[in-house]
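Below you'll find the structures, each written out as structure tokens.
What follows is a pair of complexes built around chain A, which joins chain B in one and chain C in the other.
Let's turn to the complex of A and B:
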């Protein structure tokens, strides 16, 4: 029953999306029929309702264990806890594409609802673009990766998965299906993995809105900053979700994959990082267009580039384009995805070139001073794009080109990325320090220098703290200094704002800070985001340059020493059975710092008796402080008696700053995107007074 | 709109002149930056590039690759895995798999069970036994071929084809549905 409901609602959602495209474009451009365009809008809402029904059907099927549905059968099993039953919705390909389509449909409905009245010219085209993307993904769900397929036994005895009942087929018995059900891949049963995909999808999907409005601007000819105003907040929301998705992915790798790291420069990780790079460049350069009317064509390219990178990342993840730990095995959706990506990019670029050749994307100003804020923003864009090119080349460019044209296969490993990206990241941090104190239009170097004095002094003082803490490498101190400077500039500029207010108003510091933020949430939200990136930067430098590791076999009661730490093996708990059926072998350890007991650690190995392929998983034990993570992996143990066991130990300095920086990012983005009426009431009322259709 | 056109008309001829001077500065600066980034990428590529070859390729012309860092991919034969956990050394054998396959799981299975498939012994040091290192997994290794014919790997990526993929329905059949 659920499978039928899901299938039928998905089919109608597909039809509604197609109708919305045709009705909007035909109604606006050719028939000039308001009624037709309005019916297109209604189809958007209908699409959202139907997609909601589809997703809920699959979700209920998962929660109520309808194992005849092959998707449910392949990602869940009777012993799984409800939480993972819920997250199994995006545990495998078919479900995650349905979920992705649903999110995109929801974003489309939201953007349509909010802008329908204010953006009459843009809306029909924006709807067409958004619905085209939705239709593609819903189409993939329907025709290629259907999560509502069910198992059937044919009269010949073969078992097939099919959406419809094959002639003469019968359903397998529920008991046997339940018994053989796969269960979610053990590696994915982690809190980070449960929410990493939806975060990443929200980030990916969110960029469809800026993209669609940019395309609508090109198609409709309304090339004012309207499309930017409409989509800025969506871009911010998408950006923060994408950032969190990346950070959570790192956290998952760190907790689950057991190699003491969080970023392996794996092609698929890189693929998800690529849209982040262009998206971040876009969020900066769009400010230049708003303030100075410059870089109009460039911004169009960036917004298209971001979405194009999103589709490319999805394609790369799911097509097995390059060898990677993440790649879904080569699947049938590879070619359609590629064709869609190609078509979308070509059409978008053609639209830009067309408008541009008609002179409609001409800039209002030109760059004047090398140290004006717009020049620094252009430089910032340049560095982001350079990073994009370098990472794209290393992950996809070199392997694909060598295979196509050189009849060989060349890959670039982590050492390529570690050589190429640090100088670019350093340049970005320098810009992050300098740009906030520069001025629009032209800037005087002397004034910038004065504004940098205090942050420079503070950065130098904090680097001094690192020296006292025992860091002596010049390169590392330089890195810390650059990163800290960016953070201090953000703080000092905020304090400067508060002091300026204090001179004029009689109010306490907190009131000043709040007033400052409410008056210009974008600026101060932006500074907070910079601070978050600074914190992440410190974590990356510390954990990359100063990781320590050792390994040792210990008998019960023995200890190993690493730095100022001492680790004692206390004993072993074998065959502990957890709620979800996993069997855990746990080593018990006590950690001492300078001879003082600080923590009990329990690294373990989990065994999943029901899983068919990957059936064991190593879970590290960690003691986390601001200073570092003491991270222990249970490598092996003497079977039966467990009188001795082998451990691998990592000390990862400052690594926790990466996760905390992520939290700062969220708060900063919430501030920067905080809704604020920018138009004076007088103007708004005037606008409202304009008769409809004017 | 009005303020923008006003801003334009207010620009004097002198400003125009100084702008062309600025323009040259921007062009030079841009060219330098582009050059620097290009240099970075090219030198990184020279250092980081590795041939990604099959076991067959490697064994067909070992002299070409000995001592050079390459990447190879093969099917893990689970029966050969030897793990020295106190020294963190892993040894195992991989069998050749073709570059292009449509069904990776099947290819891996066939490669491991094909006695005529080319095989190479792999040696890895300082490596905790990965959970994914198991029979018929795909191993992607970075390392070099030594003169004794073993492959000393420094990096190990593992892929189990059905990890993210729906399993084959035969599993329903096998239990006698």
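Let's turn to the complex of A and C:
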């Protein structure tokens, strides 16, 4: 019954999406019928309701163990706890595309509801574009990756998955299905997997809104700042989710993949990073259009490029392109996804060029100084695009070209990325430090230099502290200096504002800070984001350049030494059965720092008897401090007595700054996206009470 | 002749792997003077020829454990890091290293992104220059405190509450 409900609601959601496209465009462009356009809007809401029903149906099927549904059978098993049954919704391709479609439908309904009155001219076209994307993904769910297919036994004895009952087929017995159910991929049985994919999906699908409004502006001819106002906030929402998704993905890799790192420059990771790079460039350059009426064409390219990168990333990771260009051709969703991405990009670019050729995207001002804020933002955009090019080339360009034209397979790994990207990241951090103290319009180097004096001095002093702390590598000190400069600029600019306000209004520090932030949340949210990136940068430099590692085999009672730590192997717990059926082999270790016991660590290897593909998982033991992470992996052990075991140990300096920097970045983004017009009445009244020109 | 010797060495190594690996319980335990860290230092530079984008030092498959053991044996035979990496590339292709050793592939990998980036930079510079040339007279940076310092204006606007 649940399969039928899910299937029918998905089918009607697909029809509603198609109707919304036709009604909106025809109603606005040809029939000039408001009623028709309104019915298109209602179809958006209906689509959302139907997709909600569809997702809930699959979720209930997972929770109630309806193994006749092939998706439920493939991602869950009777021994799995409810928590993982819940997350199994996005545990495999069909379910994750349904979930993706649902989120996109939710975003579309939300954007339609919030902007219907204020953006009447853009809305019909925006609805058409949003629903075209929704319709594509719902169509993929219906016709290619249907999560509501059920198992059937044909008269010939073959077992097939089909949405409809084949002639003469019977359903397999529930007991047989439960007994053979696959269970969730072991790598996905982690708390991070409950949050990481939804965040990433929200980030990805969220960019459909800025894309749709940009396209609506191009299609309708309303190229005023209306589309910018809407798209910037939605882009920020998507960006914060994407950032969170990337950071959580790094944390999951660190906890589960058992290699002591958080970013492996894997094509799948890189594919998610690519839209983030262009999206970040857009969030910077959109300010230039708002303030100076410049870069109109460029912003169109960026916002459309971001969504195009989202679709490409989805296509690349789901089609098998990452493994090989040939597996993409074999994948069922490969060609439809590629065709959709290609069509979407071509139509978008054509629309931009068409409007541009008619002179409708002409800038109001030109660049007047190389040191003006807009010039530095252009340079910032260029660096983001350069990073995009370098990472795209390493992840997809070179491997595909070498396979297609040179008949050889190559994989560009960390070696390549660590040669090509550092100069660009350095340039980016320098710009992060310099741009906030530059002025819009005309600006001089001398004025900028004066504003940079204090941050430069503070950055130099901070680098001095690193030297005192024992860091002597010139490269590392240079890196820390550049990163810290960006952070100090953000702090100094904020403090300067607080002190000036204090002088004028005689307020205390906290009141001044709050008043400053509430008056200009975008600017101070932006500074907080820069501070978050600085903290992440410090963590990346520390954990990359100063990571220590060793691998040793220890007998029970023996110790190994690394840095200031000593690790003792105390014993082994073999074949421990967990609640979800996994079999755990656990090593018991004691960690000493400068001879003092600081922690008991239990690295382990989990084995999943029911899993078919990857059936084991390495869970590291870690002792975290502000200074570093002591991270230990159980590599192997003497099978019968476990009298000896091999451990791989890492010391990852400053690695926790990456997660904390991520949190700061999230708070900063929320602040930057906070709408001033919805400030609490109390705050608005307080601001109004401040004497004008005081 | 040198090539032939290399093949013989590899053959011997493979025979030894099959026979020795079966009897070794702790597959990454130390053998002779070669430590796990020495093996991992080289394994970290090689990608698993079977799995995608996983370096040999972190790959958990039995095949990778065998390859790590092979690296150990090669080290014991006195092969240098460079020779071992070259040997793996010779047998499995350039996909086992993070950046290809083959000069043409290496150039394609490392130089192409910079060429594209330079192309983008030149295009952007050209567009900006052309637009500025078509625009009215260029405004020079001004030191006039009353008109030029928008940054200060903006800042004062923030703190004033206006």
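Observations on the model:
Methods note: the second predicted complex is superposed on the first by the 661 of 694 C-alpha atoms of A that agree within 3 Å, B and C clash if a C-alpha of one lies under 4 Å from a C-alpha of the other, contacts with A are read in each partner's own complex, and residues count from 1 in each chain.
Just so it is clear, a contact is a pair of C-beta atoms (placed from the backbone, for glycine too) under 8 Å apart; a residue touches a chain by one contact, two chains touch by 3 or more.
Keep in mind the model is a prediction, meaning the values are calculated, not measured.
After superposition on chain A, the partners chain B and chain C collide with one another.
By the document's definition of touching, both partners, chain B and chain C, reach A:369.
Shared-chain residue A:516: touches chain C; no touch with chain B.
Look at A:409: by the touch rule set out above, it reaches both chain B and chain C.
Once the two complexes are laid over each other on the shared chain, residue contacts for A:70 go to chain B alone; chain C is not touched. Of the two partner chains placed around the shared chain by superposition, chain B and chain C are both touched by A:394.
After overlaying the two complexes on the shared chain, residue contacts for A:602 are found with neither chain B nor chain C. Legend: residue contacts after superposition of the two complexes on their common chain; A:382 is shown touching both chain B and chain C. In the superposed model, A:444 lies in contact with chain C only, and not with chain B. Looking at the shared chain after the overlay, A:568 reaches neither chain B nor chain C.
Aligning on the C-alpha atoms of chain A brings chain B into conflict with chain C at a single listed stretch, 145-153, out of 109-117, 145-153 or 163-171.
Common to the chain B-facing and chain C-facing surfaces of chain A are residues 258-259, 266, 323, 366-369, 382, 386, 389-390, 393-394, 398, 408-416, 419-420, 551, 553, 616, 618, 635-636, 646, 648. Chain B contributes residues 4, 7-8, 19, 22, 25-26, 29-30, 33, 37, 40-41, 43-45, 47-53, 71, 73, 83, 85-86, 88, 99, 101-102, 104-105, 126, 128-132, 134, 140, 142, 155, 157-167, 169-173, 175-177 to its touches with chain A in the complex. Across the interface of their complex, chain C is touched by residues 257-260, 264-267, 322-323, 363, 366-369, 371, 378, 382, 385-386, 389-390, 393-394, 397-398, 401-402, 406, 408-416, 419-420, 437-447, 451, 496-497, 500-501, 504-505, 515-516, 519-520, 523, 549-553, 616, 618, 635-640, 644-646, 648, 687, 690-694 of chain A. Against chain A, in their complex, chain C makes its touches with residues 25-30, 35-37, 40, 45, 47, 52-53, 55, 58, 60, 93-100, 102, 104-105, 108-110, 112-114, 116-117, 120-121, 124, 128, 131-132, 135, 138-143, 148-151, 154-156, 158-162. Chain contact summary for the complex, chain A toward chain B: residues 70-71, 73-74, 92-94, 151, 153, 157-161, 172-173, 176-177, 179-180, 182, 185, 187, 258-259, 266, 293, 320, 323-325, 327-331, 364-370, 375, 379, 382, 386, 389-390, 393-394, 398-399, 408-417, 419-420, 423-424, 551, 553, 612-614, 616-618, 633, 635-636, 646, 648.
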